[in-house]
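Naming follows writing order (A, B, C and D), and every chain is counted from residue 1.
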Amino acid sequence: MALLEVKNLGVSFGGLRAVDEVDFHIEEGQLYGLIGPNGAGKTTIFNLLTGVYQPTEGTISINGENIIGKKTSDINLVGLGRTFQNIRLFHNMTVLDNIKTALDNQYKYSLLTSILKTPKYFAIEEEMDREAIKYLEVFGLADQADILASNLSYGPQRKLEIARALATKPKLLLLDEPAAGMNPNETVELMNTIKLVRDRFKITILLIEHDMKLVSGICEEIFVLNFGRELAKGIPSEVLKNQAVITAYLGE
Amino acid sequence: MTNVIEQLINGLRTGSIYALIALGYTMVYGIAKMINFAHGDIIMVGAYLLYVFIDIFKLPIILSVVLTIVMCSLIGVFIEKVAYKPLRKAAPLSVLITAIGVSFFLQNASLLIFSANPIKFESIIKVNAVHIGNVSIAGITIVTFIVTSIAMVLLTSFIKYTKTGYAMRAVSEDKGAAQLMGINVNRTISITFAIGSLLAAIAGILFLSQYQSLKPTMGALPGIKAFVAAVLGGIGSIPGAMLGGLALGVIESISKAYISSQLSDAIVFSVLILVLLVKPTGLLGKNFIEKV
Amino acid sequence: MKKSFKKVISLGLVLSLMLLMLAGCGKKVEEGVFVIGGSGPLTGGAASYGISVKQGAEIAIEEINEAGGVKVGKEIYQLKLKFEDDEAEKDKAVTAYNSLMDSGVNAIMGNVTSGSTAAIIDLTKEDGILQLTPSGSAQELTKHDNAFRLCFTDPFQGVEMANYAVNESKYMTAGIIYDNSDDYSTGVMESFVNQFEANGGTVVAKESFVGDDVDFTTQLTSIKDKSPDVIFVPSYYQEAAYITTQAAELGMNIPFLGSDGWDGVLAQIVDAADLEGAIFLSPFLASDTAEETVSFVKKYNDKYKAIPDQFAADGYDSVYVIKAAMEKAGTIKNADLIKAMTEISIKGLTGDISFSANGEPNKGAKFIVIENGEYKVK
Amino acid sequence: MKKENTNKNISKKVTNKKNIVSLVLIIAVYILLAVLVENKILNRQFRSMIVPIGANIMLAVSLNLVTGFLGELSLGHAGFMAIGAFTGAVFTLNSNLPGLLEFILAILIGGIVAGLFGFLIGVPVLRLKGDYLAIVTLGFGEIIRSIINSINFPSGLDPEGVRIMRKGTMGLTGIEIYSNYTWIYIATVITIIVIVNIVNSRFGRIMCSIRDNDIASESIGINVSKYKVITFVIAAFFAGVAGVIYAHNFAIMMPTEFDYNRSINILVFVVLGGMGSIRGSIIAAILLTVLPEFLRETSQYRMLIYSILLIGMMIFNNSDLKHKLIKKKA
């Protein structure tokens, strides 16, 4: 049974029909691409998946469990982590604390423990430090653990956001244009990291990208969205040959 | 039944003053993104200026009114330049504290100059009451209502159609971007404060004509009530300020008349909280969906 | 380690601040000078009351010192006033009192508002110093034996006005407007209601407002609906002016009864006709033709460019009461001064004053009526 | 991986050392305070300010939790103080338990009831942001004062054993004076330690994450609403405790002492001290409580100078002059 099942998904803001009759499903461990021109409704789908907006019709289920109406924080607990198109880091906190905040649900301790600073507090905090350093090492950020997130340059900030989403141990990781604003070799390096993460953490990834060449290189299956509607979906090689995609996308 | 109508008119009487003050509040907030706590005290300054021009310098009324409005606008611009401009890049909260400092300063300065004893002042607006059936509406209430409506219409069209109005809206959207587009942000904000203080001066004149008494702390409570009205109507929205002000006046008088005059403050603020719970950005505030 | 080092620095800073506090104190007490200390609101909403008391007291002190000071036993003392600003706030009144005691005072003429007076009565009792509140009207202010009061208490006024309303003016129904956030106004209202009902009257409407309110049309309209014989407004002169003006605007011509806070209302109202027939209780009348009042009003007006109100008169009389106590006691020791208080009686601006053992003044109440823009003793 | 291990056991030793240093400091300051007060080195004026200063520190530090760490502007903190003060005072006036027990119970009850109201205000907090929230908290403070003014409080028995009922406006009198510099010192130190420990824990991180970006915080599984309410309840509890101790420093207490000016005053401490800096709040609370007393010599210009200083401090605080100074010093 598919990890993520989206049936007949649709939402309209006032008169605007932002997303209309979108169906797709993602299997466990897949690296699934969601592509389309700017303003096609990619981020809106992300916001519908994560409960930021409520869909007007359609269903979204993870491992068969419907998540419509759930709070964003509960959806994350069910296993759906995400990054944002414009970076949303905790800029006044250290890089390490950004990750430790994401680990919070796995290392809960009570208010009393933190007030009395019991040995349990120190033990858990140290374990969280070790765990967080592990995630930072994957993205090569371990040596910048103690600086403020706002002092990181653009590339490392993007990676930190992915690391933070990863730290919530999601089943499905939603990446919203992770390579946006990166130069070509930074992008290639990032894509390899994503593949490495998928294999090492055995995680399913849904990737938003508008760079067709990049997505088809890395994704096993892609879904092409145009003006909120499905244009095509399937294996990248087939989709690239689809006439509708070529005209809409490449503009011949 | 006439009692209900009378109480509603009483509500409009206070509400129209709140609305006029709220206009200045919401405009300064909408454009400079700042709660100008000292706005209430600029009303006091306007009232004292009018008193000085008419009772002490014995100038004719029209000249005194014009001078009061001009002086108040200049004072507003001066305050912005001295106290708020240096904090242009600071956190909004530090500007709020500075505004509180300015409000404190204005009150204590006028306390030193004019002493604490309240001063009586004969209203300059001699409009006799209008009688409909056995219900009468005081002249000053009608004048205030008309002036507030005109001010709102002028202000809205000024911001919508004039060049400076465009600049103001650009500054309120994004100061940085506006600067890049060649808008002199400092000049625009100064003009905003000038207009805001102008409105406060008019409110001061009408407030003084309605209640005919001056005191250094006379601006504090109306300032807070206008802030509540501006938020109730949707802070930043000019028609919202008008609606919020009138609504606040009516809620106050209905609660005092028919529920309990002792608990009226509690009732008024509870209504405000209920409204904000139903519509988190106030009655006419644009429902600001944070782009994720 | 760096973090705890920073903490040491900042705690050191705090300590040095505390030591700094030591510097600002310890002044020497001058010889042959009797210092009267006190505090009241000199800033904030109630500033006019504090400033009036201070100015009234200063006039009295000038008069006494010019006339050669106060003969106490064999010595002559000059009087000096140290009046601090307590913004009518309790904690500021306590710090003001303590700073006065640090700098050395011989008697306390204070404080002006009930709240900040009550805040220091236990402290003055502990120090055993004579305390005379010129204008604090809350009942419990004179519960200790060292505390005396120059003005009426709230309950006294409420009862007097209620008796006057029913017995003299034959009013049987009353509407009330009072300040629900002010202990003076509420105190007088409560005793008025009890006494008025005890005298067989009925209160048909009880409306309240909050301090600094300027619009009373709603309350007045509710009262107009019930058309009582009289409207009782225990408040200060500013609210009294607003209420009477707005009542006229609403076309009401129900007579008004006020409390001693009304003194000075004529100076606040634009059209004196709105006050026609209003009666209130007041210890002092600026337009009184008595010789001392005329000279006081003239001196006050020359010096402060304002007509003195009852607060100024209270401040003035308090200084003369303390002078009388000094002369009677023959020493300036606290205990003697306190004992002397019950043995003196002076003819002050606010009437003939003498004090009973419980610290209350026994002086007659003057009923004042406003007729064609003039205060007249009833 | 090697580097990371040593860092672990160092931190354990360091924290114990740090705790000892802090403990020694706390005791040392207390002894100094006791010496200053008992031998009357500190004059009466400043001795009478110790309890208000302590209360202001507790109020500033607890408000900093909401405004500095959670990033929500609260203009109604004095409302919680009022609840604590009146609840505690009514409890001590009407109970005749032995002194110490009665006061400790009053502190707990005052704090808990204030915390309860913190929960009540927490509900609207969840949906509102920025200035809308500020006006709701301001409104909350005014609602509390309006209710206190209008209800009657049982305040002990009169000589004949009849329970005296006093209208809120008249305030409460005859309150047992329990507070002294020891009580306020202990309460202030406990408040600071508890809040510092909360801030340096997962709760502190969550609060800061909500302040920096609540949408991102929600997306990594943090129930933002729940932690906002928790923060308001904690802050309200300590404001309530400060209220109880403040109330028992005088025999009388009036509702007028807890108006929005006091809430604004506390906010000034937090903002001037530095948002998110506990140490800043402590120093600002002390400085700004003492400053008006220092200005007593200037008599009627006192408040004028105070307002000018306030504006000056805010402008200096954000000026590049200050950044230059810091750069030179660091």
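As a working rule, a residue touches a chain if its C-beta (ideal position, glycine included) is under 8 Å from a C-beta of that chain, and two chains touch if they have at least 3 such contacts.
All of these numbers come straight from a predicted model, not from anything done at the bench.
Between chain A and chain C, the least number of touch steps comes to 2. Compared on C-beta pairs in contact, C-D and A-D come out with C-D as the pair having more. Averaging Cα coordinates per chain and for the whole protein, the chain whose average falls nearest the overall one is D. Comparing the centres of all chains, each the average of its CA atoms, the largest separation from chain B belongs to A. A separation of 32 Å divides the Cα centre of chain B from that of chain D.
Annotation: 41 Å between the Cα-based centres of chain A and chain D.
Spacing of chain A relative to chain B, judged by their CA centroids, is 47 angstrom.
Shown for chain B are the residues in touch with two or more other chains, namely 108, 111, 262, 264-265, 292. Across the assembly, chain C contributes residues 42-43, 180, 210 that each touch 2 or more other chains.
Counting partners per residue, chain A has 52, 84 as the residues that reach two or more other chains.
Chain D makes touch with chain A in their complex at residues 4, 8, 11-12, 15, 194, 197-198, 200-203, 205-206, 208-209, 211-213, 215-224, 230, 276.
Interface residues of chain C facing chain D in the complex, by the touch rule stated above, are 1, 3-4, 7-8, 10-11, 13-15, 17-18, 21-22, 24-26, 42-43, 84-85, 88-92, 94-99, 101-102, 115, 118-119, 121-122, 138, 140, 180-183, 186-187, 190, 210-211. Listed in rising order, the residues of chain D touching chain B in the complex are 67, 73, 124, 127-129, 131-132, 134-136, 138-140, 142-143, 145-147, 149-150, 215, 260, 264, 267-268, 271-272, 275, 300-301, 303-304, 306-308, 310-311, 314-315, 317-319. Note for the complex: chain C touches chain B at residues 42-45, 47-48, 50-52, 180, 207-210, 212-215, 217-219, 221-222, 225, 238, 241-242, 245, 249-251, 267-270, 306.
Of all the residues in chain A, the ones that touch chain D in their complex are 50, 52, 71-73, 76-77, 81-82, 84, 88-93, 97, 100-102, 104-105, 107-109, 111, 113-117, 121-122, 125-126, 129-130, 133, 164-165, 167-168.
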